[in-house]
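Order of writing sets the labels: A, B, C and D. Residues in every chain begin at 1.
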Amino acid sequence: MDMSSIFGKEFTVSTWGESHGKAIGAVIDGCPAGVPLCAEDIQKFLDRRRPGQNAMVTPRQEADRVDILSGVFDGKTTGTPISLIIFNEDQRSHDYSDMTQWYRPGHADLTYDLKYGFRDYRGGGRSSARETAARVAAGAIARKILETRYGTEIIAWVSSVGAEESHVDLNKVTYDAIEASPVRCPDSEASVRFEKAISDVKDNHDSIGAVVSLLVRRPPASIGEPVFDRVEALLAQAMLSLPACKGFEIGLGFKASQMRGSEHNDEIYCENGVYRTRTNNAGGTLGGITNGEDIFCRMPFKPTATIAIEQKTAGRDGTNGILKAKGRHDPCVGLRAPVIVESMAALVLTDLMLRQKRFDS
Amino acid sequence: MDMSSIFGKEFTVSTWGESHGKAIGAVIDGCPAGVPLCAEDIQKFLDRRRPGQNAMVTPRQEADRVDILSGVFDGKTTGTPISLIIFNEDQRSHDYSDMTQWYRPGHADLTYDLKYGFRDYRGGGRSSARETAARVAAGAIARKILETRYGTEIIAWVSSVGAEESHVDLNKVTYDAIEASPVRCPDSEASVRFEKAISDVKDNHDSIGAVVSLLVRRPPASIGEPVFDRVEALLAQAMLSLPACKGFEIGLGFKASQMRGSEHNDEIYCENGVYRTRTNNAGGTLGGITNGEDIFCRMPFKPTATIAIEQKTAGRDGTNGILKAKGRHDPCVGLRAPVIVESMAALVLTDLMLRQKRFDS
Amino acid sequence: MDMSSIFGKEFTVSTWGESHGKAIGAVIDGCPAGVPLCAEDIQKFLDRRRPGQNAMVTPRQEADRVDILSGVFDGKTTGTPISLIIFNEDQRSHDYSDMTQWYRPGHADLTYDLKYGFRDYRGGGRSSARETAARVAAGAIARKILETRYGTEIIAWVSSVGAEESHVDLNKVTYDAIEASPVRCPDSEASVRFEKAISDVKDNHDSIGAVVSLLVRRPPASIGEPVFDRVEALLAQAMLSLPACKGFEIGLGFKASQMRGSEHNDEIYCENGVYRTRTNNAGGTLGGITNGEDIFCRMPFKPTATIAIEQKTAGRDGTNGILKAKGRHDPCVGLRAPVIVESMAALVLTDLMLRQKRFDS
Amino acid sequence: MDMSSIFGKEFTVSTWGESHGKAIGAVIDGCPAGVPLCAEDIQKFLDRRRPGQNAMVTPRQEADRVDILSGVFDGKTTGTPISLIIFNEDQRSHDYSDMTQWYRPGHADLTYDLKYGFRDYRGGGRSSARETAARVAAGAIARKILETRYGTEIIAWVSSVGAEESHVDLNKVTYDAIEASPVRCPDSEASVRFEKAISDVKDNHDSIGAVVSLLVRRPPASIGEPVFDRVEALLAQAMLSLPACKGFEIGLGFKASQMRGSEHNDEIYCENGVYRTRTNNAGGTLGGITNGEDIFCRMPFKPTATIAIEQKTAGRDGTNGILKAKGRHDPCVGLRAPVIVESMAALVLTDLMLRQKRFDS
C-alpha cells in the first residue's frame, strides 16, 4: 500500500498504530550509541501534548505512558533500534457514530475512502492527531541528542489565533513563559485575547485557526544538503506533514519578498574565528545549510474541520444531505501543535546532523 | 559527500553539472513506457526559462539546447532511464573575480565553504540557479505524462513584486496572459507597476523580492500519502529546495489560520457519482491526498543576494572588509521562478502518481 | 549509527530488540489491506523455529509468543503498519560470562567491537540468531499474501550435513516429509546419517556445517527488476544476511558453469497461451525476472563458531590467550535455518510483487 | 516503471543507455571531493573489458571512449555528481533479425516481454552485457578511492571453464599474470586447457560456462552493517545482478558447510595492537563486517544463452517452432566477467566505506 510511515534517512522513525487500536508506537533507527536516555525524557513531552489540561482543548483523557522496549542499556542508547510503545487509554468509539454515512467537510474521510477503499471513521485512523504522539516520543530522543552535543534549545508557541496577534521578542522568549499560558502564548496580554477568541467559537460549536512559531537556538551549524535536501525544504516537508498545517515560512518568509536586497541581506562579520551575522533575516539558513544563527519559522494551522454546526455534505452512497457532528472536538487544534512542531524540527535537524560523513571534504 | 542530487521515489531525477562546467544534465528513471516525447517538448520550457528575453533579467546569453541520449525510441519513451544533456554556452568566469576573498552576504558561499572546505565561486556551483535548468528539463517530461493521462495544466506567475500586488481570477487566468507580460504577471495593470519597481531597483544596483503563485488544473486525484508524504508536504519540500525561496502556502495558507471552521470548510456534494466541493479553500488537498480540485500555492522569493552596492562582510581569512560585486545580476530572481516552480510541481505530482500500486485496496 | 535495520522497498520490515533485552519485534509497512491475518498465522512459524524440540538443537527454552499490536481489524489487515512483539522468555546472562575478555574466533565479537566501540557479549546482540525470530514473524505475513494471491508454497530443508549428502526429488518433496525429520531432511535414510554426524560432533564439543535447499512452487511470475534488483540478486542478499551463511546458488548454480549452452538452456514451449519450459535449469528466473517455474536455491552454512573446545585467541586488551566457551550451543546452526530461509524468501518475493506499479507498460 | 537503475546508498551509481542507443553513461553521486581522477583512470578498465582483443570473445568492435562531463576540476573530484558518457560505436542491428518472432531459450526476452509488454530485441536492451560498461566506468572511480585511502587491490580471474579447473595461490596471484592469459587465468597450464575447451565449443556453435574468482587485498576494515547490509550480502547482490551469474560464495563457501567448527574457525591473534587471523577461511568477513583480511569470493557463470545451434522454442504469437540464431556471440561470457566483477566489488566496498558516519560510537 502506498502510505509510507517511515521518516528520515539516517535517523529514521517508523510509526505504527491506529488512534483507536491497542497501542501506538515508533521504532527509531540510527540513534548513536551513548546518548543518555530514559522513559521520563520522553514522557515529559508526551505530557505537554496531552489534552484535558485545561478547557481550551478536548476533554478526552489520554494517559499516554511510554515504555522503552529496546535500544537502551544502563541508561544509555546502545546504537541499536529503539522501540517505543504507548498504550491507548481512551477509546470511546461511539462518539463518532453519526459519521459512518456522511463525509465530514474539510476532513480526510472522502479522499481516504476514494483512495484506499475504506474509511477508518473511528477518530481518523492513521491521519488523526493521536498518531502524532508517536512522533513526539521519537522527537524527544532527537532533542536529547541535539541538546547533548550542541546545547540546542527548541521552542514553539502559538503566535496568533484567528485575527488576534501577539508580540514576542525572539531574543527573550522562554519555554517557561510559553508553558505559563493556557494557550501557549508567551505574550501574556495576547494570551488573554486568545483565550477569549477560543471560548467564543467553542460556545458557537465552531472552530478557529492559529499560527505557530518555532525558534531553534544554537542549532548544529553546517547541516543541510544543497540541491534537494536543504534544511528549510526538509523542515517545510516535516511541518506540512502535520494535520491541519497549510503553510510554512522561514526567516522573514513572505515579508522577505517585499524587501530589497540591501535591506534583506544579513551582514557577515568574523569575530575570534567565528563567522556571525549582524541581523538574521535569513532565519539561520543560507544556501540550504545552517549557519549557526537561530532558526525561525512560522506555520499556519487551519481551523478544525470537525465542528458541531450543521453542514451540507455528501454521503458514501452518493447522495447529498446534512451532517451534524457530535462528540468532543478541539475548537483550536493549533494549540496542540507547538510540542509536535518542536518534535518534527528535532527529527529533521538530528537526521541532517547524523548524515554528516566521516569522509566529508 | 552528503549532498544528495536525487529527487523523487518512483519518478527519480538525478541532476549533475556545475554552472560553469562543460555541461549539465539529468537522468530520469521511472518514466513509464509509451509516453510521446521529443527534444522540442523539453526545449520549449527551457526557452521560457532563458534569461536575456528582455531587460528585466540578466543579459547573460544561454542557448540551453537539450539533447535526449537514451530512453526514447520511435518518438516514445521506452521505460528505461532517460538521459538529458544541455551544453553550457556562456561561461565567462571573470565576472566573479572579486569574490574569491570575500563572502557574499545572503549567499551560500560561507556555509558551503565551512561545510565542504572549498567554494566554487564561479557562479555558485551546484547551488546556482543554472542547475535548475536540469530540473526544468526533467519537469517537461513529467508534464507530458500528466497532460497525457489527466489533461493536467500547470501554470505559475509572478503575483507580487516588492510591495506591489496584483489581482488574478483563478478561474480565468491563462498561460498566454502570463507569457504576454515581460514580468510574467497576467494582470496587465499590475504588470506595469512590477516593471517600474524592478527598473527602479536595477538603477540603484539593488534587488527586490517577489511572490510566485502556482495553479494546477485537473490534477490526478487520490495521490499523496498520509502520514509523511502528503502532497502538500512534498510540494513544500520541492519549492523550498529552490534557491531564494523562503516559504510556501497551499489553499488559503496563512489566511486560513484567521478563519473559523464554518467559513473555511469546503462543502462537499456529489453529482453524477463524482464528488466535488463548492468552494476550494483547501487548495485541492484533504488529509494529504488530492481530491481532484485545483491545487493552488504561493511561494515568496527573497531579493537576490548578489547586488552591486557595497556591503560590509568578512573574508576567507577571517578579516572584515568591503565587498562590491561587479558583473551582471538579476534584480529580481523571482521572475525566473515560474517555469521552475511549474517543473517542480510536475515532478512531485508525477512521482506521487507513479507510486500508486497495482495492489492498492 | 550505520547499521540499517530496515529491509525491503515496498513491503518494508523494520526489526528491533536485542537477544537479551525485554522483547523483540518488527514493524511491517506496505502490507496491502484485506489480507486475512491473525497471531496464529505467525505463531506456527515461530514454533517451528523454536529450539528445544529435540536433542539436535540448543536446549534453551524460548516461548516466543507473538502479539499483533496494530494493522489488523476484524481478522484482516488494514493496510496500515503492522506491529509485532515477542517477549523474551529465556535470558540467562551468565552463560556467556567467560567471554567478556576473550574474542570468540569465527564470531562477530571482534569486528563489532572495533567498529562500534563496544560489544554486547550477552548472546551476540543484534547479530544473534534470536533477532531472526522477528524476521520469521514478518515472513509469516509475507507468506500469507503470496499464498492468498498465487497459492505459492515455500519450503526449505537441510540437504547435507558435513560430508553427508541426501537425495530429494524436487517434484515430490513435501512440507510434511521435512517436518517428520528431527534434522529437517525429507530423505529419511539421509536423515539418520545426519543425526549421527551431529551427535558425533556434539559429543566432541565441536560443531558442523550444513547446506539448506529452498524450493518455491507457484511463485508470482514477472517479478524482479533487471539491472540491479534481479530476483536472484535480492534472494542472494537476503540469504547472505543470515548469520553463518557463506554462499548462494540458484538453479544449477555452480554446476551450470560446467555445462554447455545446448545442455543448460531450458526449451520454451507454449501451451494454451501459457509459456512454460520443459526443464528448469535456470531455477525460475530469466534475466532477473521470474518466469513462473519453481525457484530453487541452495545455501551453505558454516559450522557454529561458538564451540566448547579450547581455542587460542586474542583478548580485548591486546594479549593472546585461550578461550574455552561454556554454556549451551547449537552443534549445527544449519538445522535452524530452513524456517528463516523460507521467511526471507517470502519477504523478498512479496516486496518484489508489491513493487509492481499500476502504470507498468 | 519498476526497474531501478540506481545502485548504492551513499556512493550511488545511476546508469542509463541502451545497448544500441546513441550512448550509455552513468552518474556517480556521493564521491568525496579531492580524489585524483581523469578519463584515463576509467578508460584503462573499459579497455580491459573490450571484446575483440582475441579470438576468445565476440569480434564486435567497440571503441568505448569515456568522457567526464562534470564533477572533476583541476584533476580532482569536487564532490559534486560525476557524469560519465560513452558513445556507442558498433551498432549493427541486423545481426539479431531472426529474433523478432522467436523467444531465445535461456534469455531474458520472454520474461521481459511478459512483464513490460515489449522487447528490445536489439542486443538485449537494458539487460545486455554492454550496459555493464557503465558499471565498469563507475567502478573505476570507486577503485581510485579505495586505492588512495587503503592501498586496496582488487583482482578477478577465470578459475574454471566447463569441467576444466585451475590452481591459483591466493598469496601470489598477480594482475599481470591474469592479463598475460588470453582467457584471464593466471595458471598458465590451465590457461591452455581453457582455450582449447572454448575453441571446441565455438567450432560447435555452442557455448560454455565458467567460474570467476575475486580477491580483494587490503580492503577497508570495519565496513559492512550487521543485520541486513552485511558486506557479503551486498557483494552477493552485486554479483548476482550481473547477467549470467548463477551463484556466489565467500571464504570457503560451500566447502565450509562440510567442515567442523574446530577446523573452520580462524584463530585470532594480536600483534603490535593489530588483530589478525592465522588462517582466513572466513574470507575477510565476520558478522558481516570486514576484519581487514583478504576478501575472497567465487561466482559461477552459466553458458551463453544465445547459441547458433537450432533450438526448439515458442514465439510471440504463442506458436511453437525452431530458432537458429545468427550473428556473432561469445562462446564464453565468463571471460568478460573479471573486470565487471572487480568493478562491482569496488562499488560495494566504496559505498559501505562512505556510509561510515562522523558520529559512530
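Definition applied: a residue touches a chain if its C-beta (ideal position, glycine included) is under 8 Å from a C-beta of that chain, and two chains touch if they have at least 3 such contacts.
Here the structure is a predicted model, which is why all the values come from computation and not from measurement.
A.B. asks: For copies chain C and chain D, work out whether under half or over half of the interface numbers are shared, and give different or same accordingly.
C.D. replies: Both copies, chain C as well as chain D, present the same residues to each other, with over half of the numbers appearing on both sides.
A.B. asks: Among the chains, which has its CA centre at the largest distance from chain C's?
C.D. replies: B
A.B. asks: Could you tell me the distance, in whole angstrom, between the mean C-alpha positions of chain A and chain D?
C.D. replies: Here the centre of chain D sits 47 Å away from the centre of chain A.
A.B. asks: Distance between chain A and chain B based on Cα centroids, please, to the nearest Å.
C.D. replies: 26
A.B. asks: Which positions in chain C are in touch with at least two other chains?
C.D. replies: Answer for chain C, listing residues that touch two or more other chains: 1, 3-6, 15, 32-33, 79, 116-118, 126, 356-357, 359-361.
A.B. asks: Under the stated contact criterion, what part of chain B meets chain A in this complex?
C.D. replies: 1-7, 15, 103, 105-112, 114-118, 126-127, 131, 160, 162-163, 201, 206-211, 221-222, 224-230, 232-241, 243, 245-270, 273, 275, 277, 282-283, 285-291, 300-307, 309, 311-315, 318-320, 334, 355-357, 359-361
A.B. asks: Once bound in the complex, which stretches of chain B touch chain D?
C.D. replies: Residues in contact with chain D: 1, 3-6, 12, 14-18, 21-25, 27, 29-33, 69-71, 73, 78-83, 85, 116-118, 120, 125-126.
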